[in-house]
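First the structure, in the form of structure tokens, and then the observations on it.
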Amino acid sequence: MNALECRRIQKSFGSVNALCDASLSVRPGEIRAILGGNGSGKSTLAKILGGVVRPNQGEIKLFDKTCSIRSPRHSKRLGIVITSQELSLFTNHTVETNLLMCDIPRSIGVFTNRARVKHVGRQVMDELNLSHLIGKTVAELAANEQYMVEFAKALIQKPKILIVDEITSALYREEVELVKQMLFRLKENGTAVLFISHRMAEIYSICDSVTIMRNGETVATVGIQEKNENELLSMMSGRDVTDVIHSHTGSVATADGPPLLMAPQLRLSRFGTQFDFRVQPGEFVGIAGLQGHGQSDLVRTLFGMRGSVHLKLEGQDLHVSSPRKAVAARMAFISGDREKEGVFSVRSLSENLAAVKELVMGQTGLAADAVLREQGVKFASAKQPIRTLSGGNQQKVVIGRWLVTNPKILLADDPTKGIDVQARLDVHHMLCRLIEKGSSVVFVSSDDEELVQLAHMAPSARILVMYEGKIVRVLTGLDITTENIISASVPRGARFK
Amino acid sequence: GASSNQGTSSQAGNSENVSTAGSGSTPTWGHGKKSGFVIGFANGYFGNTWRSQFVQDVKNAAKPLEADGTIKSLQVANSNADVSQQINQLNTMINSGVDALMIDPVSATSLGPIIAKAKAKGILVVITNDPAAYSGTYAVVGNNDAFWRIQAEWIAKQLKGKGQIVEITGLSGNTADTIRQNAAKDVLSKYPNIKVLASVPGKWDEATAQSSMSTLLSTYKNIDGILEQDVMAEGVLRAYEDANATPPVMTGDYTFGFLRKWKSMPNLNSIAVSYAPGVGADALEFTIDLLKGKKLKSDSLQANPLNPNLKNTILIDPPYVVTKDANPNAPWMKNLKFTKSISLEEAVKLGQGKSDGAALDAFLTQKQVDSFFQ
Amino acid sequence: MFKLVEQQVKRIISVPNKRLRWSIVRNNVYLPSVIASLVLLGLGQVISPGFADFNNIGNILAVASILAIAAVGQTMVIVSGGEGIDLSVGAVMSMGALLGASFIHGEASRLPIAVVLLVLIGAAIGYINGFGIQWVGIPPLVMTLIMTSVVNGFTVAYTKGQPSGAIPKVLLAVGQPIVGPIRWLLVLAIAILVAFGIIMNKTSYGKRLFLIGSNRNAALLSGISVRGTVTVTYMISGVIGALAGLILVGYTGNAQLQMASDYTLLSIAAVVIGGTKLAGGEGTLVGAALGAIVLTMLTSVLVAVGLPQGVRELVQGLTLLLILVAYSRAPRLRQ
Amino acid sequence: MNILKWTTFPVLVLVIVMAVINSVLTPGFLTMSSLSGFLGSYAPLVCAAVGSAVVLFGGGIDISLGSIVCLVNVVFITMQGYGWNVLTSAALAVLVGVGVGALNGFVIGFLRVNPLLTTFSTSSVAAGVALWIMPTPGGQASMDFVTWYNGNWLGIPTPVYFIAVVWLLWLFLSKTPIGIWLYALGCDERKAFASAISVAWLQFFTYVFAALATGIGAIALTGSVGSGDPLVGLPISLNAIAACVIGGISLMGGRGDSFGAILGALFLGLVSTTVLAAHVPPFYQDLVSGVIVLLGVIGSVSLSRKPKLVS
């Protein structure tokens, strides 16, 4: 019998077909990976099962009983639990309150039983050895900790069917290990798991089978051993992608001569650390490290978001006290958080594109259509609101916004977060073209593989590994490998916090 | 009346049994002082020229009295039509030990408890401008009944008792407005051939009056007369200008703005009856005399407009009736005390140096005040 | 307005597919207000013949013009996003009316000075609003709400509650008809609408305004000066408010403290009925103007019916509620 | 440090300061009779503020509370006019008020219309009905009730009990899961929905609660004015919100404490008392009190303020 069976699920948002024909069935105790490009409908499927989104058509069977999921509450009653890609935590509540939000223990049937909330919360957090978080509000937690809490919140609900939507992308390796153990424990108790992720390694180590989605369709389901990485990627993008995986052979050049940018005694206020930072002309500087160790603080400080900083750009002194000043100095910043810091979602593509060049630098005459086509954006008209574009395409437009200003130095804070392989490659090529024009790129990424790839694409490159707000290692030439990055980003003795 | 923007009661709000203020029983207020009185003046609404003139008059009237030491201090508190705030102000004044309270109530019926508190402390309470009926208090208020009775009488005479008129009233629900409307009804009931086509509230606001009048103009083809209340006349005239029609017989108002305009329109047949902001100053005079222990003549006090059984009220008749030419023995001038009939000329003269918004004002002379006392 | 209807209708019937046609009707921001005002006009005519004659329509349009002008500032503030809203409009208008009257002091020659002074004061008030909101971090609703009492207080303190000076002919002329229902007020309002329409859609300030309204953080990161732009927007709202007050006093001919306090919430209602989202980043002045017409039309119909005040307010409230339910509902939580 | 984090701390300071100033200006201020008088006239606002606060916690806003006060007051008096006893008519009146709250809640929670505009419309509905029932002020509350309200009960000024009742209602609420859900809702509506919280009902509930608290306040108001008046409560609408904000309650939802709302309301009352006691000339009273309130808000906001967006 199947724990979960979906047949011909169809869902469209206005004109967008998020899901046109999604079918899959999962047995109890099976861990099924769901693999697909951005916007291929993975989260939408998850949300439908979670009762958050109402399907237009299709049939859902739980343990061979047909049932229509009416609401999140109903879905939970049926034993379905989903962790959300966007997190379902309330920043103003404490961790334990969040954990038990979905069924709050009561005393005499009326009042909240705070003691019990703390107790139960602590139990679960102990298993994930995160009990030190109990009592904090979610707002105080780092991104990875929040995703762990989101996962714990799911565990507490004792799911019969658990859907994990891209929580691992933000986690430390150790934490991914923990998640894996937990999932295996659920597996033993016969829970069916849908595991959504873009990371092949995880999928191979955790899952039994994989369902591949493309443009809202489930194109195939295979045992995890039957296909290798490239085969899976080809299936999900519908074209042959052997070129995706580079073979990083040969050395990477290191630029010298007068630096383009100097940041003497650069101070990261959150960590209270200080160090010199420099970028050579036409250089790619990758910033690696575990999340929350100051990588984004570094680039954001340089861009004047953390108060005034003293920089030397091409020898000239300048004090950058705000993004405005930074832009004036021909610097650029791309954030990985599209929704919050990237797109003007209700405005048109052309407006999004012209935001900096026209409105800040006062240069008019921007041929929107041409630029968009050049950036390889899938779009109908430059007048359409950007929210009607897909995630990856939205990000391409945001990047285009900065490329048209041809900046001297481009700071990128994990700009390809949650973007699928194809779109990610396009972005990489854009950046390389910029570097070839002589600009420099400082690139933060949570994906070490990506940094190594870029380093090998760029004419000259360095990779700085950060730990607790300090640069603990500078990798150049032959040393630029994922292994070195990993070992450097978790110094000995700090493997388990 | 014209002053207030807020509804105040038309029914008796007083809780205790009927009696007449202080009369008979020896007054306990003033604490035996003959001078150095502390007086609190709580003005319930503050928002238009009439009211500010009203407050200014009180303060002006107080100046000489403060100079000669009769008044130790006059506390003035305005509340913006906020009942709770006014009650709180009165509460504060009571606790700061005033000898007398002058109140222009936000709401006629909402002062029962606080007034009881004041009386318990032997504080003299004088209601002014907007009437309110509480036993053991005095009321010194303008005579709203006379105010519109005169104008209704006048328009009826102008129309020779026959024709179609529209009424533009004040703020529906407001005490003064209700009294006035009743007066007009009473008068017009004597003229069966005068038909009131419509009676719309103009809220004592020129703009409202103007747009209401425009609507009426487009709705009714022949309007022979307009019975209109204070400060709205210019709005009515403007409605006619916009429709470029000539205004019919209409009652006007007491703002110098209208009087001047009227003077510039030789063919306009109108009347202006003053509703004097000075009533507050008059109230102050009475308050002082009462504090000094003077006794009112038994016939000085009339029935409270809100409660016929409560004889505690001094009604101040309109000081001026303005017609093109003074006409003291016209039918509408009957049985009015201290009311002068003056010509438009004189009226406009009185307004020299005054703003258009200002109202034709007057006070009782000391002699007139004394004539109320034994 | 009638041209607009024509356009709308054309747009709809030109669409082949029935379902799509309906979706346009549903999603078109102007249509509801256009239909509503026409229905109301017809209703008024039925209830009291002569309601739809030139003079009365002119009068309605005149009143609506003032509201529309007030709504211009409100629209821009709402577009600026960040919960942007200006509750001080009514108070500023009242101030404009009273101070305007006393600056002019009956002499037409003083009109220009009065305008200049009002612009300055309006800007100053707007600046204080912007400062409180952008630098101190007070929510717009609260900041402007409290500015209301400050401004009213200032007006009382300045005028001593005594609006001095007659209103000169030139100013009174705004209420005068030109041809048919067209009055100077209407022309003035249209001029202002056009002017600010251009400012919003053609100038770089206007473009910034929309972007900031759409996403504050993204704007900041793009180097757009959010604080500056927002503050300027509140200043514009203050200036428009003050001038609207002057125009109002031209129309009514006399000034009273707080004479315009109703305009605060009315202007917001007008903006929303006109299809502008309170979320910011989107919005049109035409919509606001149409909203103003609907609201004015509604009030005058109810006056024409001659209901007692209580019932009138009741009906007004219910009608507004219906319009909102029909046209400005947030999407369902379960998509 | 931690006390500075407490959102109610700033307003607490403000109220103490104002109270001190007052007792200096008017030596009699801290006497029982003066205080009970003060509380008597501001208990209604306090109750409404607590109601308003609950709506704000849930991320909504309600500007119809003033009209609800009018309606309840008018119904209460009218019922008594028909000779019903105080309790029954009070209960019925409050119920009517709650009805308006239910309308708000239904339109906002289930039909998902913007709260500001909804409550703006319903405020004119409620005020309209009030004016309809009682076009002109009048009627009178039972003398016993009025004297009871304006006196002491068990040695404590009666208005305090009204405040206490509303405060206890909130306290009870905050101890139940509803308290938790409320702040969750205020933090993020969609997440609340995804976490199986019945958002619509919860929103519905907040507006009903606000109306209930306000209704109780309206009964108090009737006690202090002793009669009916269809316009009596209007200023409360916006004052209640101002009170909340001074009390450190965020309009963005999810932050604050009802106790802050109570203190905020008292602060507003103290301001108008102070302005009077300080013998500020009448023409400047509004300006001065306006500026004081503004400074108060600046104080409380800048003390308990969230970090800036970009950081």
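Couple of notes before you dig in:
To keep things simple, chains are lettered A, B, C and D as they appear, and every chain counts its residues starting from 1.
Keep this in mind: a contact is a pair of C-beta atoms (placed from the backbone, for glycine too) under 8 Å apart; a residue touches a chain by one contact, two chains touch by 3 or more.
Everything numeric here is computed off the predicted structure, so don't read it as measured data.
Set side by side, the interfaces B-D and A-C show unequal numbers of C-beta pairs in contact, with more at B-D. For the pair chain B and chain C, the distance between C-alpha centroids works out to 36 Å.
Per-chain CA centroids place chain A at a distance of 44 Å from chain C. Spacing of chain C relative to chain D, judged by their CA centroids, is 30 angstrom.
Shared interface positions of chain D, defined as residues touching 2 or more other chains, are 131, 135, 193, 230, 285-286, 310. Looking at chain C, one finds that residues 152, 156, 160-161, 217, 220-221, 308-309, 334 touch two or more other chains. Multi-chain contact residues of chain A (touching two or more other chains): 52, 71, 305, 323, 341. Pairs of chains meeting the touch criterion: A-C, A-D, B-C, B-D, C-D. Against chain D, the residues of chain C that register as touching in their complex are 83, 85, 87, 132, 136-139, 141-143, 145-147, 149-154, 156-157, 160-161, 216-217, 220-221, 265, 268-269, 272, 278, 308-318, 320-321, 324-325, 328-334. Per the touch definition, chain D reaches chain C in the complex via residues 61, 107, 111-114, 116-118, 120-133, 135, 189-190, 193, 199-200, 230, 238, 241-242, 245, 250-252, 283-291, 293-294, 297-298, 301-302, 305-306, 308-310. Of all residues in chain B, those touching chain D in their complex are 6-11, 13, 15, 43, 46, 55, 73, 75-85, 87-89, 91-97, 107-114, 116-117, 172-175, 178.
Here chain D touches chain A in the complex through residues 175-177, 179-180, 183-184, 186-188, 191-198, 254-255, 310-311, going by the rule given at the top.
On the chain C side of its complex with chain A, the touching residues are 204, 207-208, 210-211, 214-215, 217-225, 281-282, 334-335.
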